[in-house]
Structure formats: C-alpha cells, structure tokens
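In this document, chain identifiers A, B, C, D, E and F correspond to the written order of the chains, with residue numbering beginning at 1 in each.
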Amino acid sequence: MRIRVINPNTTRAMTDLIGRSARVVASPGVLVDAVQPTMGPASIESHYEEALAVPGILEQVALGEAEGVDGYVVACFGDPGLDAARELASGPVLGIAEAAMHAASLVARRFGIVTTLDRTRGRAHELVARYGFADACVEVRACEIPVLDLEHDPDVLARVVAESRAVVEQGAEAVVLGCAGMTALCRSVSDEVGVPVVDGVTAAVLLAQSLVAMGLRPSARGEYAPPPAKPMTGLLAGFEIMSATKHDAPFGVVRSPA
Amino acid sequence: MRIRVINPNTTRAMTDLIGRSARVVASPGVLVDAVQPTMGPASIESHYEEALAVPGILEQVALGEAEGVDGYVVACFGDPGLDAARELASGPVLGIAEAAMHAASLVARRFGIVTTLDRTRGRAHELVARYGFADACVEVRACEIPVLDLEHDPDVLARVVAESRAVVEQGAEAVVLGCAGMTALCRSVSDEVGVPVVDGVTAAVLLAQSLVAMGLRPSARGEYAPPPAKPMTGLLAGFEIMSATKHDAPFGVVRSPA
Amino acid sequence: MRIRVINPNTTRAMTDLIGRSARVVASPGVLVDAVQPTMGPASIESHYEEALAVPGILEQVALGEAEGVDGYVVACFGDPGLDAARELASGPVLGIAEAAMHAASLVARRFGIVTTLDRTRGRAHELVARYGFADACVEVRACEIPVLDLEHDPDVLARVVAESRAVVEQGAEAVVLGCAGMTALCRSVSDEVGVPVVDGVTAAVLLAQSLVAMGLRPSARGEYAPPPAKPMTGLLAGFEIMSATKHDAPFGVVRSPA
Amino acid sequence: MRIRVINPNTTRAMTDLIGRSARVVASPGVLVDAVQPTMGPASIESHYEEALAVPGILEQVALGEAEGVDGYVVACFGDPGLDAARELASGPVLGIAEAAMHAASLVARRFGIVTTLDRTRGRAHELVARYGFADACVEVRACEIPVLDLEHDPDVLARVVAESRAVVEQGAEAVVLGCAGMTALCRSVSDEVGVPVVDGVTAAVLLAQSLVAMGLRPSARGEYAPPPAKPMTGLLAGFEIMSATKHDAPFGVVRSPA
Amino acid sequence: MRIRVINPNTTRAMTDLIGRSARVVASPGVLVDAVQPTMGPASIESHYEEALAVPGILEQVALGEAEGVDGYVVACFGDPGLDAARELASGPVLGIAEAAMHAASLVARRFGIVTTLDRTRGRAHELVARYGFADACVEVRACEIPVLDLEHDPDVLARVVAESRAVVEQGAEAVVLGCAGMTALCRSVSDEVGVPVVDGVTAAVLLAQSLVAMGLRPSARGEYAPPPAKPMTGLLAGFEIMSATKHDAPFGVVRSPA
Amino acid sequence: MRIRVINPNTTRAMTDLIGRSARVVASPGVLVDAVQPTMGPASIESHYEEALAVPGILEQVALGEAEGVDGYVVACFGDPGLDAARELASGPVLGIAEAAMHAASLVARRFGIVTTLDRTRGRAHELVARYGFADACVEVRACEIPVLDLEHDPDVLARVVAESRAVVEQGAEAVVLGCAGMTALCRSVSDEVGVPVVDGVTAAVLLAQSLVAMGLRPSARGEYAPPPAKPMTGLLAGFEIMSATKHDAPFGVVRSPA
C-alpha cells in the first residue's frame, strides 16, 4: 500500500520533517512518501496563501494517480483543497486538521486546539464546525509563532505547552496541535501537560491506511464524482481534465491526471 | 463609487450577462463593471474547477485594487475564494450565494435553493451552514442543467420553475437561484411560482454598494488582515505579495497588488 | 423610492437623531422620513415596553401603506413587531438588529454586540439565534447606560469603546452597536477600536432600499400573507382589518390600513 | 393556590372551554379561573393578531397581581407576550406551546405538532427552536381549520387524526396539539392514533402549579426583572408602570399593576 | 396516585433524605415512597458507577410495576437508565437532571448547573445537549465535594453558594443543583444568591405527578415499546423478560416484571 | 499489539462472525481476538437489553486489562458502555457506531444508516447527535430484521440493499451498516448500490490500532479518569474497584480489574 503525504507549501525542510513523522507510525507494508508542490507559497498562514497552495496540491494528487498511489494526506492544518483532491483521487484523501480532530474526539469528549498565528483561528473554527466538532472543541488558541519559525525558535515548546495548559484549564481533556510543523512536539507536550496530545500528520497517515484497508474511497456518486472534462485556459491550462472514466472497482473511479 | 463584478469563469457571454443584470439595479452614481480572469475553467461545476478559479479571482481583485475599485462581487454560487479576496481587498467583497441567502432571509423565514447540477448541492449545503442559514434553508434542489447550457436550453425556465415549486411545496416561502447564469430568469420564475425569487448577482451588487456607503470593509484585525509578504514560486510566482501597508483609514488597509 | 424609519418609542429627539443618520447614507433618489407612534413607551428597555411599542409600530406601517411607502425600518434593537409588520406591509420591513448583524457578518467572521442595559441581553441573544448568527456572535455586552441617557451622558463614548474593546478581546473582529440611540457614535467607536463598527439604522435603511430595488417584498405565501379580516375590540378596535386584497404585482399584496 | 388561565382572544366560548379543561387536571387545593382580555382580536392566526393580543394579556396579568394570583397560563399556541408577562408577574407564567413541548419530550424522544392554519407554522417553528426542541420536533403540520371553527366543524377530529397519523409516519412517537381550541380532542386523538397526545392547556396548568409548589418564580435578576417605571402615552397610557418594588421573598418581586 | 422515587445508589441515608424532599412537594392524594436497589455502588461519580447502578434501577421499576406504581423518579443527576426504565414502566419515568433543567428553563432564559465533582461535568454536558438546553445552559461548575460528603461536610453550603454566584456572574439567571444529595440546600442557596434555584428531586416528583394527571406515559410506539422477550444469562439471568403484553389503555402497555 | 473485540451479547455465532471480520483488516503484527460476556442478553434491540449488556462488557474490559490488551472494540451499534469502558481501560476503546460514522464522514459529506429494527432508530439518532454528525447523517432507516435473524434470513441482502438505495435517494453518498451482524454484507451491498458502504467492526478495529500506534489513550484527566475505589454490593459486588493507581506513562493509567 502506498500513502503519499503532500506538504502543501514549498519548504523542503518541512516536507522532510513531515515525512519522518509519517513513516514512524505507518504499519508494516505501508510505503509512505512525502512530496511538495512545484508552485505556491513558502508557508500557509492566510486564506490567500491557502488558496494559492491548492493548485500545487492538485498537481501532486494527479501525479500520484499516475503512479498508483493508494491514499493521500494533505499536511496543512487548514485542510486546503480537500474536496477538490477527493474528486481527483481514486483513493482516500485526508486532511490533518480533520484527522487530528477525529482522533482527539475518540480519547476525550472535549479537546482544544493550539495553532500558530491568531489570524488562522477563523479557519480552524470553520473546520471545527464543518466536521461536526463544535460541541467537542473547547477553544482554539494561538501561540503566535509563524510556521517557518517552528523548527528554530527556542521558545516553541514552552509556548505550545503554555497554550495547551490554557485550553486544559478551559475544560479540554486532550489537545490538538494546529500545524504540521508541530509534529515533532507531540510527545513532549503530552509529557508536560499530562493529557493526550494529537498530531494531525500521524493521525492522517493512519486514517488513510485504515480507509485503504477497508476498501473505502471518496464516493463516486454525487459531490465527489470525478470532475467533468472541460476547457481550462491561461496560466492554469495544464490542469485541464481530458476525460474521466469509471473502472470496474465496486466504488471509486480512475480519474485522468491533469 | 466603483463596484466590480468578477465572473470567476472564462466564458465571455456569461460575463456580459452578469454585467447587464448588475448594472440594472445599481444606484445612481455607482459604476459597475464586469470582468473575468485570464486563467481557469470555462465554467464551475465541481470543487476541482472552483479551486482552479480562485487564482483568477485573486488576480482580478489585485487589478481592481490598483485601479481603486471600492467593492467586489464574486459571481459564482460556490462563493469561491471569498476569504482570500477579503484579505486582498481594501473594500467589501460579496459572494452571490451569501448575498442571495441574506436577502431571501429578509423576506421569508424559510427559503429553498434551486441550483444547476446535483453534484453542486454539497457545496451549497456547506455554504448554507457556514452563513448560519441551516434552519432557514428548507432544501437545495438541482435542475440538472449544466451552467453553460443555461442560456441556450429551451427548457431552462420550465425546469427552474418546476424545482422552485417543489421547494415551495416543502415549505419554502422564497426561492434562491443557485447560479449566476440564472440571473435573467428571476422575474419570470417569480411570476410563475408566486413567491419572492432572489438572484444573487443583483443582491450582491446592492449589498456591496450598501457596505461601501456605510464605510464598512473587511476587518483588518485578525483573520482578514492583509496576507503577509512571503515567497511564492513556480507557476504562481506572479502572485507573490511584496509588502502590505496599513493606511490611516479607520479600518481596512491598502494591500499591494499581486 | 420612499423609505420610512419608524422610531418605536415616543421620544422626539431620538426620532430626529435616527432620521439624520438614515438620510446620510440613503442613495440618490431615495426619500427617507422618520416617524414615531402616537402611543406607547418613552423608551424600550424591557419586554413589557417592547410589547407595548408594537401597536404604535403597526399604526405607523398602516399609515405608510396608505401613503405609498416602499419600505420600512423599525429602529429599535429588539426588532419589535417585525413579523407582524411584514404581514401588514406591501414592501420590505427591516429591523435594525437584523440589519446590523447581517452587515457585520459580511465584513468579519465573528462579531460582538454592545448594548445598553444588561437586562436587554436576553432579547439580543434570542435575535442572534433566530437570525442564524449564533456561531458568528462572540458575545453581547452591556454598557449599562439607559437609552434616553445616550445623548446626554458624557461617558457614553468611553463606555461603548471599553465594551467594544472587551468583545474584540474575546475574538470579535467587528462590533455591532446594540441601540438605535448609538447611531451617531459609529465612526468614533471604529476610530478608537480599529475594527469595523456597524450601526443598525444605516444598515437597515440601505438593506431596505436594496430589497426595494430588487423588487423583493415579504412573501405573500404562508406566514407573511396579509392578516385575515377579523373583529378587533375594546381599546384596540381601531386596528381591525376590514379586508385584504392581493393586487397584480408578481409577489406582495396591497393590505388595507388598520 | 390560585392559577389563572388567560385566553388571549376575546371569544367567550373559547375561554369557557379552556377553563373546563384546566380545572379537570388541577390538583386538590388549586383554584383555577379562566379570563379573557377586554381588548384585542377574536382569534389569533397571524403575527398581527398575536401582537395585538399582548396588551390584553398584560392587562389580565396586572389584574391578577392585584388579586394575588400565584401563577398564570397564556392559552394560545403562539405563546404571545410570555417574556413581558414574566416581567410583570410575581409568580410563574407558562405558555401552552412551551408546556406541551416540554411534556411531550418527557414521554417520547421525538414528537410532531398538529396546528390550525398553515400560516401559523412559522411561529411554531420559531418556538420549537427557542425552547430547544429542534431535534425533538419531527414536523409541524396544519389541519387547515380556523381556530373559531374548531368547536363547530364536524370534520375536526378526522382531520386532526389524519395529520397526527402523518407526523407519526414521519417518525414522531407523540403528538402535540397546536391550538388551545383543540383541548377537548386530546383523548380521542390519542385513542385513534395510538400514541401519547399532549394538550398544552392542561400541561401548562400542571406545570404552573408545580412551579408554584416549588417556590419558583421568574428570576428577578436580569432579563425578567420588573419593568422600569417610565412614561407611557396615547391609547396605551393606562399601561404606565408607576413604581416597582422588590419585597422580601427570596426571589421574585411585587410589581405594580398597570 | 403512587409515585416512586428511586435512589440509584445503595446508601440508605441518601434514600431517606430524597424521600423527605419528595414528600414535601407532592400534591394531596399523591403517595410518594423512596426506594434503593439491592445491588450496585454506594454513590455515583463516574460512568462506571452509573452503568452499574442501572440494573438496580430496572429491578426497582420492575418491582414497582408489580405493585401498581403510577410514575417513577430516578434520583441521580446523571439520569442513569432513563430510556431503559421507560421501556419497562407503564407510567412516566423522570430523571432529576431532566426535570430540573426543564423547570429552570421556565423561570429563566439561561441557567447554570452546580454539580459535585469535576469529572461528572462531561455527563452533565451530554444531558444538556440531549435535552435541548445547549443554548440555555451557561456553564456547569463543580464544587468538588463527593456525593457522600454532602450531608456531613460543613463547607457544603458555602461552596455551593460560591459556585452558584460564579455561574450567575457568567450570565445565568437561575441555578440547577447537580446532585440529589443537594436537595435540602435549595432554599438556602436561593436566599444567598438571589435567583431561583432548582432541585431536581422535587421538580421530578411534580413533573411525574403532572404527567400521570394528564394520562401521559412513555409512547408504546417505537423506541419506548416494551423490550422483547429474550434469553438473559449468567449473573443477570433474573432480568429476563418472559412476555410483554399491551393492554387496552389508549397508550402505554403493561410490561411483565423482570 | 493486541486488540480485543467484545461482542456485547452472548451469542457465540455472532462473536465468531465479528472476530473473522476483524482479523481480515488488522495490520501485520496486530493480534485480534473476539470475546463475549458471561452474562446478559442474547442480542441487543432495546435500551433495556443495552443497559443489561454493559456489566458484561465491563467484565471483559477488566479481564483484558489483566491480560495486557492494548485496545478494545465494543461491537454493538448502540455503543453500549463506551464511557464506562474508557474509564476502566488503559488503552483506547472504540464503539462500532462511532467508528463507522467517523469513517463514512471521510469519504462522503453525507451518509445514511441502515439499521435492524425501527425501535433502535432513536438510539442511532442520539449517537449521531452526540458524535457531531447531525448535519452529515441524512437519515436512519430500518430493514426490520431482528439481529439474530441476520445470518439466516435469505432476504437480508435484498432488504439492506433496498434501504441503502432509499438513503442514497435522500442524498446520502455513503451508507453505514447499523449492526455488527451485518459485517459480512459490506462488500455485497456496496457492489449493488454503487457507493461506499462502511462496516463498523472493521472500522473500529482499524481506528483502535491507529490510536494505539499513536500512543493515544483515554484522557486520564477529568471525565475518563479511573473510577474511584468504592463499595459495590449485592449481585454486582464482584465489580467493586479496590484501588486505582496512575503509572508513569505520559497519559493513561493502570486501572485495577474489577
């Protein structure tokens, strides 16, 4: 089984970090690789950057389809392009915010989220509501460290621990880390705070391999059916879909790469 | 006052149609123009297409900022790129789904939506929930006519009327048209069905000019603050933000074009 | 186009204040007048007073119908009598709480409300829920200044600013002013707090003229159909409806004045 | 203990009917009387009529306070004026929609409502949401018989039974009767349909006497505090509150009659 | 009429205390007795204990059915076994959390809950949501006194008052006591805090007698139908249901005791 | 890694069936066994039976703790005793309803549930709401085949397919099988209906092994802390907890077996 983790930004060090975390937890027989787009922003901390990361994510899914990848993880806590990727992929696609929230809800009735910048809290709230965790999520707090500083800033652990304690104080019984770049902090934060701490990268890899093991793919009926063939022009002409054909699998389809 | 209506697809006839509807309702002294991106899909009927329409929308907003546009309308019922556009624009940005639902809720407690293809109903439901209209929206129904056939298919009116009657039968007391391409049908459907029928294009233009008149812009505090300056590479390098400076207006900012 | 702003209390100075705010924002060609009932309370700060303000509001709508008014604004933040007024009026009727919340939700994902007395917060919460803004509204705070002191109390601006900052501290990215009597404070509060601040009087006037421009009226089907002719006795005998006739407009009806 | 049932309309036959139902269920030692206002509509089937019934309800509560009544029931399914009455009364005030929904939720997870005219369904939905029964209420159906015909129309039982069966078909396991005028049908409908059927008049009388027995009154802190003394003019001058004084009971207040 | 209050734990002093509170409020002609199971935990402060209290509750309901009891109260704030008891009983079954929340919502728009240990707050939140009071319940706070210390700890009143004041500070206008063992504190807390305070034991007894007076029982259609006859083995063999027969009452059934 | 699947009823054939399904999907290195209680009902189709299945589930968890089991699955669609089991276990505990709904929500925005008897729909709705899937779950339908007939009734596949098609017709894009006894039908139903079909047994096994792989256990802070030591008497005396000690793992505890 092949699972591809897509780092939606173009920063190589972060792609490598995410890949390492992902490989640690994958079951025997599950091959995990980590890739990044050829285009887009160096990190994602705004809706603008998130929107411009999506073409690169779709590019990587289309490449993965050509290579026979079985499942995908989109490793940014804004879960960018998830619905579009599900239309394109013949296997499951998981976002790390989605995966982390699902996992947290299985070990605690109420959890909190600790994210990077305050300005990303709106998107986190939107995802919480969309995934059905509005009652479960106590609070979203920001540690105010930019994504690309997470690897270098010596205060990162202390600040994530401080915000984690703050959400526990508000009633959370587990903590969700709100950025793929925090993946290496998971155990340390848990040791310090004394509650389960969930990293979305590992959660998403394990959920993706689980769905593949169950033979589950995005429903080919309705919303996640393959996108129709249609002209695509200008700078984005390369994303044009030429044809979409359903194969004989019980559900799911083979979609043509862009 | 200048209001720009952005048709997010690349079909000229549809841009012209939308522009005509928009200009009919704008108040004296409000200049309305209608534009379309230089890139992206010919029409939007999937998440994939919606995602790939967003760069073109942002391109048009950035151009509008350079030209001093006061407010924007994104004229696709999926409200693509709305949050990103609000970060980029110094004036209000309205989606037509959002505008139509707000308007409908002011003349009827419960409304229904008649959209194009069944596969777009998922996105419509998502927007209904996000905007707070889950209790108000009785049902989303599809007339199963593709966007680009709306102008030519002789059955369009009959089918939109049939689906409109169906949502009224379910308890709706107003109908929202679920595609910018239905803008010219509004009065005819209302005459046939006997309830208020709301077209998002005109609703959004009027809401945009109203917000401008009130001096309201996307909040510069938190989520909708201007996107940070940051490297953007590859095919999308042209979207890099060089700097973002706040000016002395009471709220809102001047953002640099991409 | 004629828009009538109804101050639901009987205090002339407040009617004049509201009228001035309303006229500033109305588009060219829109005539705005401000009226007040011949009966009822001097100000509205309780459910009791709100209930007893409604007959006077309905009286003013009935008079407006006889005079050919196109749309109405009910200028009290409790939105008293809105549904009843919609049955009576052939054009749109807007409440200022409703209008302000809709406008705020278009420039910020989350807003807070600053109202007058603590005891009015329950009604504000009820309206927030009814209009679908439960997720969007962060908090309702009171500045504890009675309605009729708003024009005279020298501390008003300072206290509204303080409470506005408090809701921003809780995550609000815009502020809604919770009383028609605060209409003149809007710009000053925004200047001080640095986020969009929404005044319901101007928002409602602009939404009312927008709905008229779109040809939208309260749905004549179902809930907002004209009230049936029926005996009305005692002190309120003058409110008896003699007949209700639908005219030939595509939607809406001509209702007979009380 | 004295419980007063207020029929909010001015039709004597209905007041008598409601009074009979109320007295059947009251516990020994509980005195129940039924009154009607001196002003207002002959029946309530629109928001307009509901709004104009409220002054008469408040008049009857004020009279009841002067006479030492311990608790009140407002016997119209729109629960008109409930919040205002709670400010005025020193004892509990129950609406019949509220009481019936609470009772139904205690014997079935999901219930349906059978009301009179289709146009009243909007108000019923609003109350369902306000009282927290949105998940519990399967459907609101109308039998399309006007309130004042309920006593005379020979088809009433058959039509209420038919609509009751329809809500049971949709998953309801109990039925709420949506009009005080249906109070005498309760047992017959239950016999026919085979599920619990709840009449709001009897439910409200029993809840009111239960709250009195527990010493519970509307909270005097915040929203339901007595209305402030304030000028009231014109036709409604008689409703002016002269003073409001708290007495020494642990909660609740003595309010002055209008 | 016979109402049986079941203390779900095996502590005799608490059974006696609950019985005394229950008898004080019951109407003339209503016989109230208080019983406890022959099996299970000494008190209930965890899900584990709550689950193991349920067989004993069902045992007492089955005994009550054989003795002709008309209605039941389950006197633990976790409302353990409520749905199962409703299948078994031919009359109404009330939980004290349920009853207290319903009563509180009738005298205040928003209430708070003061419970025993922090670890029980999760269950309280779950019940708040299930019963539809998510908007009404401001907060659940714990006084951190174990159930069986409530009668002896000299600080109980002071700590319950302190937490009650804290929920009032958060906007609650009434307080719900979150444990049957607090039943005797109700009036004292109310005197201290100045808002209505609701004890679930008395609320449940009064609601149970009210439902009996209305002839309402758990719906025999669907979810609350009597449990099917079926083998039950091992330690729990005595709970086997031999047969279930419906009698001729309009709703409700005679169920055979375990 | 050891995962234990607990069939909460006492029917051996069903335990064997569930065990076979579970072992098929488990990853290499994951040992799965299937057990059943020594006490309780032969199958679970009512709240009464569900309540009486819980002691046997807790018995099996306590035994598992003594044997060093890493994670548990409770294989009944009512998810009985989940919270209590989480207090007792040092590793994750998954319900099959919970697991199936989470999995379905990852491959389709909206799903439907096909369960056994109509009377179990209430519990299914309750779980849907508790887990946050109220928006995602289109409908719960019953095929009206008792649990123990699922293996023998020749019409089972046809009836499950028919109900699955019915939920798809209502807008579901995936189907959740609402009983552990349907585990063997998953692929056949999917082949027939053409959408993803989710079996909770396999979903729960894979989620349990994923949580173990991530080092996640029920939070030891607050609600899921080990139950306190306390007397347990009568028939259930064997369930008494003697002591509970926290060990040095970053989260989770060693709990003493009953």
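The working rule: a contact is a pair of C-beta atoms (placed from the backbone, for glycine too) under 8 Å apart; a residue touches a chain by one contact, two chains touch by 3 or more.
Please read these numbers as outputs of a predicted model, since none were measured by experiment.
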{"item": "Labels of chains that are neighbours to chain A and to chain C", "value": "B, E"}
{"item": "Far-end chain from chain E, centres as C-alpha averages", "value": "B"}
{"item": "Interchain centroid distance [CA atoms averaged], chain A/chain D, Å", "value": "52"}
{"item": "Centre-of-Cα separation between chain F and chain B, whole angstrom", "value": "44"}
{"item": "Residues of chain B touching at least two other chains", "value": "86, 109, 121-122, 126, 129, 134-135, 171, 173, 222-223"}
{"item": "Which chain pairs touch, all of them", "value": "A-B, A-C, A-E, A-F, B-C, B-D, B-F, C-D, C-E, D-E, D-F, E-F"}
{"item": "Of chain E, residues touching chain C in the complex", "value": "109-110, 135, 171, 173"}
{"item": "Touching residues on chain B, where the partner in the complex is chain F", "value": "121-122, 125-126, 129, 134"}
{"item": "Chain A-touching residues of chain B, taken from the complex the two chains share", "value": "10, 37-43, 45-52, 54-56, 58, 81, 83-84, 86-88, 118-123, 126, 129-130, 222-223, 225, 227-228, 230-239, 241"}
{"item": "Chain C residues within the chain B interface of the complex", "value": "25, 27-30, 86, 92, 94, 98, 102-103, 105-109, 131-136, 168, 171, 173-174, 187, 190-191, 194-196, 198-199, 202-203, 206-207, 209-211, 213-224, 250-251"}
